[in-house]
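I have placed the structure first, in the form of structure tokens, so that the comments after it can refer back to it.
By written order: A, B, C, D, E and F. Residues from 1 in each chain.
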Amino acid sequence: MTLDTLPLLALLAPLTAAVLIPVVGRHENLRESVTLIAAGSMVLMVLAMLPEILEGGRISITLLPLLPGGDLALRADAFGMIFALTASVLWLLNSVYSIGYMRALREHDQTRFFFCFAIAITAAMGIAFSANLVTLFVFYEILTLITYPLVVHVGTPEAMQAGRKYLAYLLGGGICLLAATVVTYTLTGTTEFIPGGFLAAGSGTALSLQVLFILFMAGFVKAAWMPFHAWLPAAMVAPTPVSAFLHAVAVVTAGVFGVVRVAGWVYGTDLMAALGLGTVLAIIASFTIITASLFALAEDNLKRRLAYSTVSQLSYILLGVSMLSTAGITGAMVHIPFHAFLKITLFFGAGAIIVGTGREAISDMRGIGQKMPVTAVMFAAAAAGICGLPPFCALFSKVFLSLGAVQAGELILLGVIIASSVLNVAYFFPIIYTMLIARPSDERTLDGIREAPLFMLIPIILTVIASIAFFFSPGMPFLDLSGIALAEINGGVLP
Amino acid sequence: MILVIDFALLLFMIICALAAITVKDLLHATIILAAYSLIMTVLWAEMNAVDVAFTEATVGAGITTVLFVAAIARTRRRSGD
Amino acid sequence: MNAVIAQLPVLILVVPIVGALLILLAGKVNRNFSYPVTLATISFQFAASLILLSAVMTGGTIHYYLGGWPPPMGIELVLDAFNSFVLVVILAMALLTAVWARQGAALDIPPEKTVPFFVVFQLLVTGLCGMTITGDIFNLYVFVEITSIAAYVLVASGRGARSLIAGFNYLVLGSIAAGFIVLGIGYLYVATGTLNMGELAAMLPASYGLATVHAAFLFLMIGFSIKVAFFPLHLWLPDAYTESPAVVTILIATATSKVTAYAMIRVIFSVFTPQYITESFPVTEVILIIAAIAIIAGAVLAIAQDNLKRMLAYSSISQMGYIMFAIGIANQIALEGGLLHIMAHAVMKGCLFMVAGMIIYRTGITGIHQMSGLSRTMPLTCAAFALAGASMIGIPPTIGFMSKYYLVLGAVEAGQYLAAAVLLIGSLLAAVYIWRVIEIMYFGDHHEGALHSGPEAPLSMLVPVLILAASCLLLGLFVDIPLEIIGPAVTLLLGGS
Amino acid sequence: MIEDLFALFLSRYNYWMAIILMLIGLYALIAKQNLVKKIIGLNIFQTAIFLFYISFADVTGGTAPIYLPEGPGALYVNPLPHVLMLTAIVVGVSITAVALSLVVRIYQEYKVMDEDELLEVMRRP
Amino acid sequence: MKKLALIAVLFIGIILFWAVEDMPAFGDPDAPANQYVAQMYIERTLPDIGIDNIVTAILASYRGFDTLGETVVIFTAGISVILLLRRGEQL
Amino acid sequence: MRENVVIRTVSRLSIPFIQLFSLYVIVHGASGAGGGFQGGVVFAASFILMLIAFGLSGIRGRISEKGTMVLAATGVFIYAGIGLLCILFSGNYLAYAAIESALGIPHLHGLLIDLVEAGIGITVMAVMTSIILDFADKEGNIRD
């Protein structure tokens, strides 16, 4: 077993699980073991690749000659590693959590649920490791389709409606991505990601390259940038582990991952700057950050508020890229894992509250912190983390982003970051207050509320611990990885 | 001379064709069609296509007509148009 | 052995003709004997087609002079990369359909009619093979007629009396089409004095300016367009696909329409030339516009249907638009996509129609709205539908995606951005009509699902469906294998060596 | 001028007549409601196409393509279209037979023979 | 329907009449149709096959495969009519 | 029924001649106008005449629906078989010259063509008869 096959094996682990899950579907424990073993071994495989990557190496493997413009090829590099590491670790935790959640709520069709989950994570890993646009597109579409059954899992008319919306946006985006891929191939004859980009100013007219970028952005509608975000709050009808998966592990993250990939490995910062695409991106990102935060303020449903929070937070990454400066891009890259760890905690907490109380509206949550202390405290910690408070890792990404804004001389962007941080506090603090400090008008309503099962609590605690750990050791591994990735893009200069 | 006969035959054929698709009685239409085929036979024989003419005489004017008559016998003789 | 292989081009046609007679005679002894003979004959054809394909790929184009008379006096059979590929595809489909028909035929065909049914079925397959490999344009017409008559009758042979009307309408339009084809052939003969396709391609350029040649082109195009059911000449198709027996729908939707499309491409590119349609008689733009309308209109009409088979029928109209699209673009990549789509569409439509037939077989349901929760009682069938449906939408890495990718790539390369956009919108519309079914099957109301508790369809029906569903995926992943054949085929069509 | 037109007419009139017959047949095939009428139209259409073929096979002064005593040297009309049309005639009668049997079956099932009535039947659930 | 038919017929008619203008004159022995292959048949039938009727020679030998196909067409028609019309199981 | 007497008598007299004529047409195909189709159709015409004159019940003994398709198959088989025979004599399909040279008999061409024409004739005759029998209703009427 050489290093080369590791990316493939990391994909095959969940895929094998996906094949086995329907086979052993009748025996719940066996089925869950399959999921956990696959998740665990996937984490191990990704970790096994880490040393090589940290030394600045790359691991490439070509699976199949697929199409002109791109074989089905995998390549693990530093940036892909950031996503892969985040996704694989969080999938492991999410699996543990899902088992607790699904069993506690006695959900139907659990086999289908875990089957789709396994394939979805395969696709997410494929996106992380894709070596070219075609491979990226292939896994992107698989991810879209396979998360659909997860989104509509409950099967109510409302869920079906949301599912249709989800599919319409994401398939539409997929079409645009395909078009963008094809056009890129026609312009350059390749779609292989090259650090610093392979599109050159001479590949096409400036206008065509600008239009192509818009096409790419439309393709990455998964990033939920406004005004094409509507699918994400709608998808909140899904079970909480799915929401966690959408927001933190794979889907939205995959969207922003794609944007960063295209910016750094297709266009390159110089071309982006020359074409004025940074400005376009900055406008989109700023608009999204502010508007989504305002939307979040107005939302009473906990999960939907978190959804808008995601929309807002992930645009930080776009914002970072738009600065086209070293610090900005670093901030963007590390914000992917840091945000993911914190946001998944929030969703886990929301899910635990649903399991423990059955409540989804924030106004109904007065005083539940008394009965569910662990959940509530962890939720509060993660919320504080997202707002950028120490000792949580998101502080670093925000610092880097602010630094980047200064570096780029765009004080407006700095203003956006600061304004949004204020808004973050504004929409998170009431939740914390309601849960921990406020008292319900009638104490009896809290009767019968119990802490969520252990299977759900452990992941929550672990993610919080992880985000604190990343605060104290920011370099390992994400900041280092982003440094390497940045060096690749910029041609070797470490920040 | 032959030209005139030729032309007359062709003209007559067109009349037959128009009649065949306009008369309301299907049996009549069939018989007119048979006549059309027979004229066609004559025309082809005159154009030296003897084999084809022979075939048209037996198949077109013969078997086809019988088939039509048999089918009309089992369905309806009147036609709306 | 070599002597046998040398005679295979004709044996692949004559053995099934004799086979059809044997089916009749065997069926006279005992009605149940006719099916095994059919299966054996089609298996032989399939095996022969594989041998021929490998022979063509290693040894180049095969010419077979019937009666030992070299063209232009005699008729020749020509096997090149293009048609041996099509031959393998349609015979594979015919074989799977025949396997499916073991129990599937009983669904619509009364037992006392099985013998003539299988005779006509075999004759249809034979006619298709003949259309594929003949190198003489009038011989092509003869095989078109064998195919057509068999197809009219098979469509009309359903239990439901409506199939008769569908069959009659098919016959009327098909006969008009056949008439136009004969006329076109006549004009070609008038212009050149030969009927051999190869010679026509060589001699026609001298008279490209003549109205006669243009008329020949137009008539052949109109004729074949009716037979393929290119929009807006598709009027016969929805009824024919919906009302005909399930087996027949599968065969016609996969094999017949593909071979007819093949014949059309053959006529455009190997009798006429790419130069003709781009320079002498520039029609590519028109074809492209019609194809775009077909793609969109077919898909929109499909969305409006509730009957599953009818929905798939309209989807076929839309999908055949993709092939027409490839003709309209007429560059290497787009044509590769078009030929790939011939295979892709055969595989996925075969799978989808088989599933539709199996649902009728087990539950009697035809309406999409009634299929809620079907995935519980027929999980494998529905999974096959989902996979083939995903291919139809064009989800990577299925074969349906590959062909569409090539088509889009070809369109972009030709600078036809608008056309590429139409293609992509078409696949989005495909998502709408396919997804509606998947949604109802998998996430529909579970209470109704308990009503029809029919188990999975029998194994002889399930196996072909699963093979086809798996092919949707595997052919997509290993798309370079068919492309190794398609690449040279397209080069051949575009006039290279 | 008039002579030219007349010459043109003389050299083409067979084709023209064949085309007119074709169009009559085609019209009946599409527009006539009665199914048997449609088949009659089909027959006219096909026969007209045959006439077209036979017309261009004709050679002024030629004889039927059966060897005269002088053998291949004599002037014969073109035999090839004759062969093609023999095939086509047989195909035509086959189609007619199938079409008529369909009509008989349709009549047995629905007791109607007109297209608009059939459309009515098709629309019925 | 009638209007549609008229338009279709008119369209086809225009193509047909347009095409006729470029066709060789009726009875022209030098037309390509009457020259190339046709002359070959006329010259070669006697030495090759040795029968008098050129049409039969082409029908049964040179283009014998067409004729086989047409026999199959007839056979198909026969079996088709049985499939459609005949009651019971007699074949 | 009474006016049928004339028809029946005339039919009885003419049917053998029609059939003889059809055989002549088939055989004459090589040298003059005629051939398999025409002969086959003429032969079928004799059966049609029979059908008209005697009705379906009247001809039960002479021709039956059951045998027709076997006969038709035989005709096709003769044709296809001769072609296959050519392959057996290591020529191309339908290459009569292969049989000629293999058997060493010159001028077999004409004979083989006659055989082929006979095959066509049998098929045409059988199929046409079969079709007409199917079209005739139970009483054998093909008239109003």
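Annotations for the structure displayed:
The rule we apply is simple: a residue touches a chain if its C-beta (ideal position, glycine included) is under 8 Å from a C-beta of that chain, and two chains touch if they have at least 3 such contacts.
All values derive from a computational prediction rather than experimental measurement.
Any chain touching subunit B that also touches subunit D appears here: E, F.
Here the chain-to-chain distance from subunit C to subunit F, counted in touching steps, is 1.
Two chain pairs, D-E and E-F, are compared here, and D-E has more C-beta pairs in contact (counted per touch definition above). The distance from the centre of subunit A to the centre of subunit E, each centre being the mean of the chain's C-alpha atoms, comes to 68 Å.
Centre to centre, using the average C-alpha position, subunit B and subunit C are separated by 38 Å.
Mean C-alpha positions place subunit C and subunit D at a centre distance of 29 Å. The mean-CA centres of subunit D and subunit F are about 25 angstrom from one another, to the nearest whole unit. Residues of subunit D in contact with at least two other chains: 10, 13-14, 22, 26-27, 30, 33, 55-58, 62, 64-66, 76-77, 80-82, 84, 86-87, 89-91, 93-95, 97-98, 100-105.
Across the assembly, subunit E contributes 16, 21, 23-24, 31, 33-34, 37-38, 41, 52-53, 55-56, 59, 61, 63-70, 72-77, 79-82, 84-85, 91 as residues in contact with two or more other chains. In subunit B, the residues that touch at least two other chains are 50-51, 55, 59, 63, 67, 70-72, 74. Each chain pair that touches appears in this list: A-C, B-D, B-E, B-F, C-D, C-E, C-F, D-E, D-F, E-F. Contacts from subunit B toward subunit D in the complex involve residues 3, 6-7, 10-11, 13-14, 17-18, 20-21, 26, 29-30, 33, 36-37, 40, 43-44, 47-52, 55-56, 59-60, 63-64, 67-68, 70-72, 74-76, 79-81. In the complex of the two chains, the subunit B residues touching subunit E come out as 51. By the touch rule above, subunit F contacts subunit D in their complex via residues 31-33, 35, 37, 124, 131, 134-135. The residues of subunit D lying in touch with subunit C in their complex are 22, 26, 29-30, 35, 38, 42, 45-46, 49, 52-53, 56, 80-81, 84, 87-88, 91, 94-95, 98-99, 102-103, 105-106, 109-110, 118, 121-122. Residues 64, 66, 86, 89-90, 97, 100-101, 104 of subunit D are the ones that touch subunit F when the two sit in their complex.
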